[in-house]
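Labels run A, B, C, D and E following the written order; every chain starts at residue 1.
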Amino acid sequence: MIYISWILIILMLILAVVSIQLKNLIAAVVAMGATSLIISLLFLLLQAPDVAMAEASIGAALTMIIYIIGVRETERSEK
Amino acid sequence: MIRKIVYSIFLATIVLALVMFFAAYPFGKNKMTVGEYYLNNGVAQTGASNIVTSVVVDYRGFDTLGEVSVLFGAAAGVAILFFVLAENRRERKNITSPNFVVKVGSRIIFPFILLFGTYIFIHGHLTPGGGFQGGSIIASGFLLLYLAYPGTRVSRKKLSAVEGLAGLTFVLLGLYGLMLPESSFLFNFLPKGQLNALLSAGILPIIYIAIGFKVAAEFAGIVDDMMCEVICRGGEK
Amino acid sequence: MNMSLELLLATPFIGGLLTYIGGKVHRWVRNIFAVLFSLLTLGEMSLFYNTTFKGDVWGSLFGSKLILQTNPITWLFLLIVTSISLLVIVFSVDDMKHEEDHIVLDSYYMQLLFVEGAMIGIVLAGDLITFFMFWEIMSWTSYFLIVHGGKKSMDAGYKYIIMSIIGAYAMFVAIAMIYSKAHSLVYPDVALVLSQSSPTFTIWIIILLGVGFFVKAAVMPLHTWLPDAHSEAPSPVSPLLSGVLIKMGAYGLFIIFYGLMSANLAKNIMPSIFSTPVLLYIVQWLAALSIVLATFLAIMQEDAKRLLAYSSISQIGYVVLGLATGTSLGVAGGLFHALNHAIFKSLLFLAVGAVIYRTGTRNLSDLGGLVKKMPFTFVALVVGIIALAGVPPLNGFVSKWMIYEALLQKKEVFLLIMAFVGSTGAFLYVYRLVHSIFLGQLSQKHENVKDVPILMQIPMWVLVIATVIYGIFPGLAMDVIVKGMKMFGFAPIAYNLYGFPQGSTMGALKVINIASVLMISFVVAWIFFLLFSKSRKVSQYDNYAAGQVVTPELKYNYSFGFYMSFGRVIKPIFKISIERIYNYWVDAAKIFGDYYMRRVYTGNLETYNSYIVIVVTIAAAAVLLGGKIW
Amino acid sequence: MVNLANPILLIAIPLLFVFLIAFSSAFSKSIAKYLPIFAFGLNVVIAIMIIPDVLKNGLVIATTAGFKPPIAIDMVVDRLSLFLAIIASLLGFVVSIYNVFYIDEEPEEKFYALFTLLVAGVIWMIITGDLFNLFVAFEVTSIAAFGLVGFHRDKGAVEAGFKYLVMGSIGGSFLLVGVIMLYAATGTLNIVDIAQKSAELTFQQKFLAYALIFTGLGIEGALFPLNAWLPDAHPAAPSSVSSILSGIMTTAAIYAIFRITNTIFDYNQIYFFLMFFALLTLIFGEVAAFFQKDIKRMLAYSTIGQTGLFFFAFTLHSTNGLQGAFMQIINHSLSKSMLFLIVGGMIMQVGSRNIDDFAGVGRKMKVSAFFLAVGMFSLMGLPPFFGFWSKLKIIFAALQQTNILMVASVVIILLMSVVEGAYFFKLLQAMFFGKPKQDREIKEASLGMLTAVVVLGLILLFVSFYPTPIIDFTHQAASDLMNKNYINLALKLGGL
Amino acid sequence: MIYYLGSFLLIAIGLYAIIIKKNLIKILIGLNLAASGVNLLIVSIGYIKNGTAPIFSKIGINPSAMVDPIPQALTLTAIVIDASELALAVAFVVLLYRHYGTLDIKKIRSLKW
């Protein structure tokens, strides 16, 4: 159980850094969605199924959609 | 460039201080005091098998009331910001209509998503999940409709009616608790029923259903405003 | 019986409100109410004149009682306040009539009565909180009075309110420091605390309170607001300001020097030079400086009201000089001069106000020759300037004489010289006033100028009579002053109704003799003038200058730059003007503040967020470094 | 009969009306306009009915969900929080009357719903007894305020709203981390319970949690480095909203800091550390206000200055200091909200927010100009008004022990009130004695808006001329909070 | 222990993005990351070594083996609050873009001191 969480957390941190540094905003938002998906997996590992479902459906799905609509309305890429 | 380094040093000190604090409370240690009480007699007092739900709705129900009003505030805020007078709404012309597969597929999947969402918030007090999760699943169902049929518009009147009704049931249930001799807000006055039965745990399922409708309506409202922002504003920059 | 003090204090305030409401009803209702209520206050005051009774508590705040009390000294100042306010209100009924349209006169009369009420509150106060409360009410109500005078008066009022707030807050710190030690701010307890506490504490208290009173009494370094405020204020308000308001500063100084600090306390807590404590000595020198410099400035003025304003600064310098001498004669002289100055300065301001009411200008150079047109105002002005210069039969003489005598007895030679320079200077600017307004040729514009209506003349005549009475019978005021000073621990001075008896420290003085001699010589000169036929009656305009006929609009009596030559002598003194220094510091503070504001609230969200992170990092660092925060 | 004197109703009723407005907007647009008035009218009545219990035993605890406090969330109402709740409901009532005449932009029912939510959130923050519930109330208030600040949707409002939102959500995250650290240390979320359980924790362990909570609430409570959003947000919001924002919202956040600092983290160094913040807030607030040309920005900066003042009074850590702080809170919330309402009416008449265009307005709008002068004098602390008593109390408390630092801080305070006097008199002067420049025909604000102003003005005048009940009330409240019987009363009543 | 470290680092990355990045969307991403980090921290505090999810699907499960339910309840609320805040934030960003025409925070400075 320890090793899976190590891998997942490191993956999450990498994805977070990626989502910040990416120039293309859509890709950045997708990376952010991926981090929250991994976080909901971590919640499962922490024996918190309720929160995992909430994080998945709200954090990953709805927030990402709202961000993508936001990006579509403004500029696609940074600078 | 120096700014980046300086700020990273600041953030490093914050992280270090946090680590120092949490060193005294190692990861797996049992830090519960009130938590013990909930685990030991949660089932007896609220009748729900999912203790998290009993904490969310019954013991700390007031937090959830606050949380629901935050969501209401956000939906109202987005509605204010994207408010467009009726007369200068214009349909956006050049929307690429999605191909056939998406249209047919979404029409088939949509009822199943609704079913799945309602299943989750009806069984909130038995299985993991509840009003919030079920509601957001239904909202993503609506999202699917927007993707498949860009022109569709959910009537805002109905949405705010559902929103208002659900909120009213929540608060009125709470106020009814005050009428009783125990006179405390959100008191669980209905019979608890036996464990793991669908109609158990008093007012918990009713509240969670209300929350499910409310969250679904509000997120649908927000997404509808956003999509309307894209469609009916004419999309000009 | 004790209901009276609260009633006396409340009447002006209630009167003010009723006048305001009356104003809504009709103009005359308001005027009548204003005059009625100030008359009522004067009546109440005279009803209890010369009776003293210890404090009756009208409230309590944070553990210290609020007390109203009276003693003869308060009656002296009450007399000044109520009488001058009544005369000013009567004067302004007509004077402000023509400005009915754009100035809101209802609030003007209300503020007049409020200022009167506030000053009564100050004088009656038995403890420092009531004193301070009415002190601040006086500041902001008088601000509203000053600002009624049009655009320039707004800047003058603004400067006045800022300086008086600074002064008030200096007093606030002192009161708070006393409260921290004594928890009760009634005068006797405060005196007790001051006598027990450490010398530095007492000196700090005295300095802070002194700053507050110096600002209001316009002693030299803090006087910059007075010339603008008194000259820009509407004409009936300036007599109230310079006649009465600055006396409150003098009353305050009297209270802290002789009320809070017992007579000998000053001696033993600080070294003394020439037998006066060093603090009082500095005050003496400041007063003397302000006498001399203000007189020089008054001489140079072109505007009548500014001239009178600077003369107020120098005359109040006499009062403060008298108070600071410390001997009973000097203090009595100071108090008496305060009364006299209130009377003749208000008379002068009313006279100049009458001239302005008729001619519309107060610039000395384009007035002239009004003596035939406005005889009564001329007589009033002449009586006022004789009193101001300190010529015997009128009231200015006795009090100045007592101050000189006190300085002589204390062998303060330099101060005496400066006082003399001040009073001789007074002759110069006093003559300037009467010469350029009334003597000389009448200019075209003022052909049809008549004298002021009756309602404006009555206050002037009352004041003229008052100067003569207090001039000839100084005893009237002296018995109140001496009885009051006995309560503050001063040796009594021998005096009688007409002046000072044979053996008194002051040397013999019977003003009635001097007055009668003057009267007789005046009559004799008048008879000579009538008997011996004059050569020929010549009209002022029948003259020539070097062959060129002088037409009526060309006036040959010069009045612009009257003392130009004298001005060149004292020019070097005025290179450093205190006003410029203050403005310099205010502007520097503004630039400094503006610069830092611009850098902190930059409008950039990034910097705002970094502020938040910085605050948390400081806390985190503090925890990491072992949690000792300095 | 159900006893109505239950503090929970103070929050439940406005929330009920929020959802009622949402529900009713589906049918008819116009009734949403009058619902907030009923909501807060009921609130004021209930709050007044609670007064006898609070006076009797110092504290009223209302539990939710039928369980004792540490298990469930409870509402703790002591003297001052009740008084603040009364002021908040009264302001809500008065301003909702004002709103009916002031708001005419289109999404009206959304505005009224958010407005009711805002005041409900403020009352929630004041009386909640549970730490996480405080975070939720903080979020409810902020989200409603974000929406309302952006209500006008013009360039300034949107920028101000966005900045306020970003800073508010950072504050929310820090507050949440702080709350969780306390939960990890003690296992409960009830304030009184945490105070008991965390008593033996060393300073080093608890200080970071306190710093995070302080930052979170400080952003909302307009303390110096954290209040950069306030000068943009308050002017951009509609005047009725900014009167609630300045009047009671910042006060609620500061009151929350008071309660948490006095119950859970009670060290002497903290008060020294906070005094540093308070003085900076005062200085920057007042000096910045002096340079403003826009009248609402000036009032917003003066809010920062006043907050600095009563936060300084709190950091004196003595009963007198607390009493001075409470009196200043009462003075500030009454007069500042009245000022914003008046200025709102005047801007509607004059058409611009620049001070120079306000010349000569005082003559035309007599009643509102009179109450403007009353409010400003009370804020400045000039004698006959309530501000004088509270400033007197604060300075007396500050100079309790005359060491150098205290005298220096008192000098700073008085210098800053001179600056405050400077810019208020500048405005008064232009208002009353300036010549009206432009031709716009200015007439008095409409009757409905005036009733709101007159009600607040009369309360302020009553309190100024008869301050003794308020002084005793605040003295008792200060001694309650000071010598910890907030905790022992809660223990006795709450039965932990 | 890795969970604590992971959540602290996630919060730090979020804050880093908020302060350093110029683009509005990146700031919002930073906000979301910081909020998710805080949620992860809350849940990981409630975890008890080899405890099970706090659901009594069968009668017989003994409560002492269960994980602490309170942090999960708090996280549930916190997630929805952050989501609603960020929805409003995106709305503000869209309006800002329409008024200012740019997403660069440095250019959105019309309200100065």
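Just so it is clear, a residue touches a chain if its C-beta (ideal position, glycine included) is under 8 Å from a C-beta of that chain, and two chains touch if they have at least 3 such contacts.
Remember, it's a predicted structure, so these values are computed and weren't measured experimentally.
Separation of chain C from chain D in touch steps, taking the shortest path, is 1. The count of contacting C-beta pairs peaks for the chain pair B-D. Centroid analysis (C-alpha atoms only) places C farthest from chain A. The chain closest to the protein's centre is D, with centres computed as averages of CA atoms. Chain D has its Cα centroid 30 Å from the Cα centroid of chain B. If you average the Cα atoms of chain A and of chain B, the two centres end up 19 Å apart. Our note on geometry: chain D versus chain E, Cα centroid distance of 28 Å, whole angstroms. Here the CA centre of chain A is 38 Å from the CA centre of chain D. Within chain D, contacts with two or more other chains are made by residues 132, 136, 139, 143, 146-147, 150, 153, 158, 162, 166, 170, 177, 184, 189, 208, 231-232, 288, 291.
Counting only residues that touch two or more partner chains, chain A has 48-51, 54, 58, 62, 66, 69-70, 73. Each of residues 3, 5, 9, 11, 15-16, 18-20, 22, 24, 27, 44-47, 53-55, 70-72, 74, 76-77, 79-81, 84-88, 90, 92-95, 97, 108, 110-111, 113 in chain E touches at least two other chains.
Chain pairs that touch, as defined above: A-B, A-E, B-C, B-D, B-E, C-D, C-E, D-E.
Partner chain D is touched in their complex by these residues of chain B: 17-18, 21-22, 24-25, 31-35, 37-38, 45, 58-63, 65-67, 69-70, 72-74, 76-77, 79-81, 83, 85, 157-158, 160-161, 163-168, 170-172, 174-175, 177-179, 182-188. Interface of chain B with chain A (complex): residues 50, 52-53, 56, 120, 128-130, 132-133, 136-137, 139-140, 143, 219, 222-223, 226-227, 229-230. The touching residues of chain E, when paired with chain B in their complex, are 1, 3-5, 8-9, 11-12, 15-16, 19-20, 44-49, 53-57, 59, 63-64, 66, 68-70, 72-74, 76-77, 79-81, 84-85, 87-88, 90-92, 94-95, 97-98, 101. For chain D in complex with chain C, the residues that touch the partner chain are 162-163, 166-167, 170-171, 174, 203-204, 207-208, 211-212, 214-215, 218-219, 225-226, 228-229, 231-232, 269, 272-273, 284, 287-288, 290-291, 320, 363, 377, 382-384, 388-389, 392-393, 395-396, 398-402, 407, 410-411, 414-415, 417-418, 421-422, 425-426, 429, 432-434, 471. Contact residues on chain C toward chain B in their complex (touch as defined above): 610, 613-614, 616-617, 619-621, 623-624.
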